[in-house]
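You will see chain A twice below: alongside chain B first, and alongside chain C after that.
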Partner chain A sequence: MRWMGKINPVFLVLILLLLAVAFLSPYFLQPAGYMNFLKRAAPIAILAVGQLYVINSGGFDLSAGALVTLTVIGSSILLNGDPSATWWVICVMLVIGAMVGVANAFVVSYLKVPSIIATLGMMITLSGIALTWSGGAPRGYLPENFRFFGRYLIKDVPLIQLLPVAVIVMIIVCGALWWLMHRTNYGKQLVAMGDNPQSARLAGVPLVRTRTIAFVVSSLSAVIAGILLGGFAGVSTDVGVGLELQAITAAVIGGAQLLGGRGTVGAAVAGALVLQTVFTLLNIFGFPKPIRDVVQGLILISAVALASFRRRNSGG
Partner chain B sequence: MSKVKPLFEMRGITKAFPGILALDDVSFDCRAGEVHALVGENGAGKSTLMKVLSGVYQADAGEIFLQGEKVAFLHPLESLKQGVSVIYQEFSLLPDRSVAENIFLGREPMRGLFLDKQSMREMTQTVLKMFGDKHNFSAETLVGTLDVAQQQMVEIAKALSLEAQVIVMDEPTAALNDSECELLFNLIDDLRKQGRSIVYITHRIREIKRLADRVTVIKDGKIAARFDHVPETDQIVEAMVGRTLGQFYPELAAPDEIGETVLRIEDCSNARLHNISLDLKAGVITGFAGVQGAGRAALAMAVFGADPFVSGAVTLEGKPLNLTSPRQAAQAGIVMLPGDRKAQGLSLMQSVFDNAFISARAFSTPLGNPFRTNHADRNDIQKLLDQLDTRAASYDVEIKSLSGGNQQKAIVARWLALKPKVLIFVEPTRGIDVNTKSAIYRQMRKLAQQGAAIMMISSDLPEVLGVSDRIMVMSDGRIVAEFPNGVSEADVMRAATHSADEQIVQGVA
Partner chain C sequence: MIAFLKRRSSFLAPVLLLAIAFGTYVGIAIATGQTQHLTAENLIGLLGRSIALGITAVGQTFVILIASIDLSVANLISVSAVLASHLMAGDPGSIFPAVLAVLLVGVVVGAVNGLVVTRLEVNPLIATLGMALILQGILSALFTNFAGEVPKEFQSFAYGEIFGVSTSLLFLIALTIAAWGFLRFTRAGSNIYSVGGNADAAKLAGIRTTRVVIMAHVLCSVCAVVAGLYLASRLGSGAPWIGRDGVYDLESIAVVVIGGTALSGGRGGVWGTLMGVMIFSLIDSIFNLAGVDAFAKQILRGVIIIGAVALYAARSRRIEA
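Up next, the complex of A and B:
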């Protein structure tokens, strides 16, 4: 039974929860059912993996949710329904995202502000910018070719019938970030730095560069999540509220260690799916939205408590 | 040999953990009024034996007698009540509480519903009186304001207040400097005179010679040797290691092994270092001696660029070099093995491989394959770790499961992958057992023979004198003397402690 200890429990939990949903709601077993589920899970999975980069580096990125909002609001204002502008607006948003990541990393690295505070400040700043820009209410609208990523379903796919574009985006982004984290020199340095920044520095790891890339990855993933959410949810001023905490919860459910050094991309994606499944279950039972928040909070605390319990027992 | 009855006696103790026989038919005793040194490599079973004595573990077989009566402690509190007190390396003191509160933690004297602070203070003072005037704190002093040696006294005072007849000390000098050690030794002498039994766990030969009445060497869970006197160093070492140890320190550099100057430091200073001038030659091990705070560690950090010089000139193989970060230094070929392995050397949750690979990865294409870096691939690192004789279940296990010596080898492997020109070893054998120590010295010599210039900084003076081809003595951030190998400890200590005055005299003259 020793091998059981090596399997991340998040995968077992995910399977159990999916079985429960399938049992309670047979619609879930239809392609339309599970593909819709994956489509809804895509932004949170992407955010969770981006967040994992910062968590593994030893920090938090609380600005991700506000950046999602800024992406949706900013895109709709810049586009104002003009489909020919979609591509450059997406580029502009990615550049803004990269700048936010660099700014976060700068404040953390050079001004020595703990990341939880630095990105909290960034979150408030970005929310303020989004609200100022929009004048407090959604303006403009997103053309169809922008909403393509979040909304479009490819039909008549062999075997699975339907394939949402959002799911393809999720697979590509998470796959690329899995490779960067687990199969490159950069990823290994990132995790080693989160484990012990002092020893990493004395081993020659460029801390500032490594950390900056982690924050930029997190911010870019927030922009991509924003593009997907704008696609299927449309424009609103609170689209990103609380997403950073969902992302952190998902990463932690996946076993990521807060303050760095341990956490895998696969488990973070599984964590995001667990969270989404729990939300689906609560919907099936007809609980209102505030209950979701209560449950999410409790899950976050229990996941961290369980993780430290497991570590204590394994002699960690 | 006198036939005094032992105060406690353990007979035929056997204790198995899953997959390992930690203690195999071990017998051990200690008489009243003696210090019995328990010696062995890390993982030999010393601490396990003492945990069986105190009731942390229960033996699978064997008997324990305390003052002639058979006992079986199920919990450390039971042994504590019967007068057996174990002082571990990591103290269990509360920093924000006073000395008295710590000593009586969990068994505070009460007067009705209230804490009887008055009698607690008086009882503490009575215990502290046993130290004579050696402690410089009172019952009310906050423990957090005490230094390590004083905290150790509080732990001992706690044991005394429990009227412990058997006091076990587990490597008590690990964090103490020389004068603090002397204080502790005197204290132990006093305890011995009071007729208590002291079990002293250590792997420092010097302390055995200073303190022990009897010595027991334990190896791989078995008694390897028992001495009713203090034996010669070689006898202890041989018993610990289980084979005849050729020469403890390797040969010095032969004249033809000494090469060109690799690193030249000229008149360099920073906040803690003053006018440092130094030549490091290929093939030479240069040792640095000095008291705590003399600037040896600061010099290592400066040469490695972690805490750089602000003035002066550094040249590497004749080319000027501006060392402002460890990364730059390592890039240029200067590397450092930090003194505090856990805090500065290791990513504890990562594998042995990841820790050994980290520097090769740091200087390779960021998007490259982490097991096929520009400097080393999996085979290279595997070979380096094998050559260093790194003992691990596999190189994929977390490095924190390895012993200190094996962790150190992973750090050495990390740097060897970059083929450095200058290696700075800071406290290379701190907390490492004797057998591995000798292996590390040999490794250092081998690196020197392969053309590296080596700086060695250590608080263990015999080690500096034994390994180094030349010895630099530091004091107050300056290099104050240089000696060839063969200098006596006394000469070095004199230079390290009195040089500041002499310099002034010389300056005047």
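Up next, the complex of A and C:
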């Protein structure tokens, strides 16, 4: 029975929840049902994996949600419906994202501000920028080829019938980040740094560079999530509100140890899917939307409590 | 003597910042020809605009002193304001039971935060973020707009005056003196510093650290609900978004840190926090005098918070080194 202890319980929870949803709503078993589900989960999964990089480095990134909003607002203003501008606007947004990540890492590394304060300050600053830029209300609109990523469904795919582009984006991004975290030297350095920054530094891990890459990954994942959300949810000034907490919750459900640890990309994606499944279940039962927050809060606390309970019992 | 000097040096930075902020304020008032703002009445009024932040921040000081943090205060403020005005429903007779009920909610929320942090060993950031989500979710499920109203009598908490000074300002000062006395002269107060300074050492010295942590969280939550009562009294009614809109969670943490209380716990106090509140309300007034637009104000605010905390991070490193 020892091997059972090694499987991350998040996968079992996910399977149970998915079975529950499938049982309650047969629509979920059809390609349109589960693909729609995956499409809606894609931004959270991408954000959760980005957040995992920062969590594994020993910090938090609370600015991710505001960056999602800034991406959506900024793109719609810059594009203003002009399809020929899509590619350079996406590039500009990715550059802005990279700059936000570098700024976060700079404040944490050189100014020694705790990441929670640094990224909360960044969150306020970014939503201030989004509001100043837009004048407080959404302006402009997103052309069809920008919304392609979040909205388009590829039809007539063999076996699964249809495949949303958002799901492809999710698989590519999460796959690349899985590779970076679990198959490269950088990933090992990141986890070592989150575990014990002093010993990692003595062992030759370049702390500043490692942390900077983690924050940049998180910010870029927020920009990508913003592009997907702009695609299927449209332009609004509150599209990103609370997403950073959902991302942290997802990573924590996946077993990421807060303040440095060993969360895996697979488990973070599973955590995001668990969260999305729980939201789906609440929908099926007809609970009002705010109840999502209550449940998310309870899950967040119990996941961390469970993780620290397991840690104490395993003596690690 | 060394302890005295240390206490002095932790005061130095907030005093300096306060002087800079005040100088800038006076400078801009003179430069833009708005000298009518420089009356004594107006300067006292500056602090009066930040009563809710002040009350919350005094509470936040307790949890930061024990090296914890409370991110649920903003949502608890909303809960308190809405609950108070809903229960009072304009009837002066129900002021007392409503206040009692709201205070009880504060005690319970604080105790739960403290228990989750100590017994379940959940990181305080996560524990209180989770609590924030739970509180806001319940509140938004039950109320979607301004709920109930507070009776005229209760509005005197925010608008009343004693000897020409507003009651709420006197309350904030009395609260700060009480919190200072508690931290300075009681055993429970010095336990807070011991636990924040070194929890393991405090435990070995026979202090029940769990109780101290729970107590600090209860004090913080009670302060937050009192801030909610104040807002209900000022606005005449509570709405489920007032706490979040005021960003009381981040701002209360920021003013505590700017006031010289270390995020790592064990150092600082409430007078510094009060100075932090004054610095923030001066910054706000400077923006108003200079005519900075509301959204740009938010950007500057984020930058100032990061900058101020960075200033202190640099300082505390020097002390630790």
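Please note the rule applied: the second predicted complex is superposed on the first by the 316 of 316 C-alpha atoms of A that agree within 3 Å, B and C clash if a C-alpha of one lies under 4 Å from a C-alpha of the other, contacts with A are read in each partner's own complex, and residues count from 1 in each chain.
By our rule, contacts are C-beta pairs under 8 Å (C-beta built on N, C-alpha and C of every residue); 3 or more make two chains touch, one makes a residue touch a chain.
Here the structure is a predicted model, which means the values were calculated and not measured.
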Contacts of A:Val205 with chain B and chain C, given as first, second, both or neither: first
Residue contacts on chain A - larger count, chain B or chain C: C
Which of chain B and chain C A:Gln189 touches, first, second, both or neither: first
Which of chain B and chain C A:Thr69 touches, first, second, both or neither: neither
Touched partner set for A:Asn36, first chain B, second chain C, both or neither: neither
Which of chain B and chain C A:Ser221 touches, first, second, both or neither: neither
Partner chain in contact with A:Leu120 - chain B first, chain C second, else both or neither: second
Partner chain(s) touched by A:Val294 [first = chain B, second = chain C, both, neither]: second
Residues of chain A contacting chain B in one complex and chain C in the other: none
Contacting residues of chain A [partner chain C, same complex]: 60, 107, 111-114, 116-118, 120-129, 131-132, 136, 245, 248, 252, 258-259, 288, 290-298, 300-301, 304-305, 308-309, 312
Chain B contact footprint on chain A (complex, rising order): 180, 183-189, 191-192, 195-196, 198-206, 257, 261-262, 316
Touch list for chain C against partner chain A, complex: 69, 116, 120-123, 125-127, 129-134, 136-141, 247, 250, 253-254, 257, 263, 293, 295-303, 305-306, 309-310, 313-314, 317
In the complex with chain A, residue positions of chain B that touch it: 304, 306, 326-327, 330-331, 336, 338, 343-350, 354-355, 357-359, 361-370, 373, 400, 414
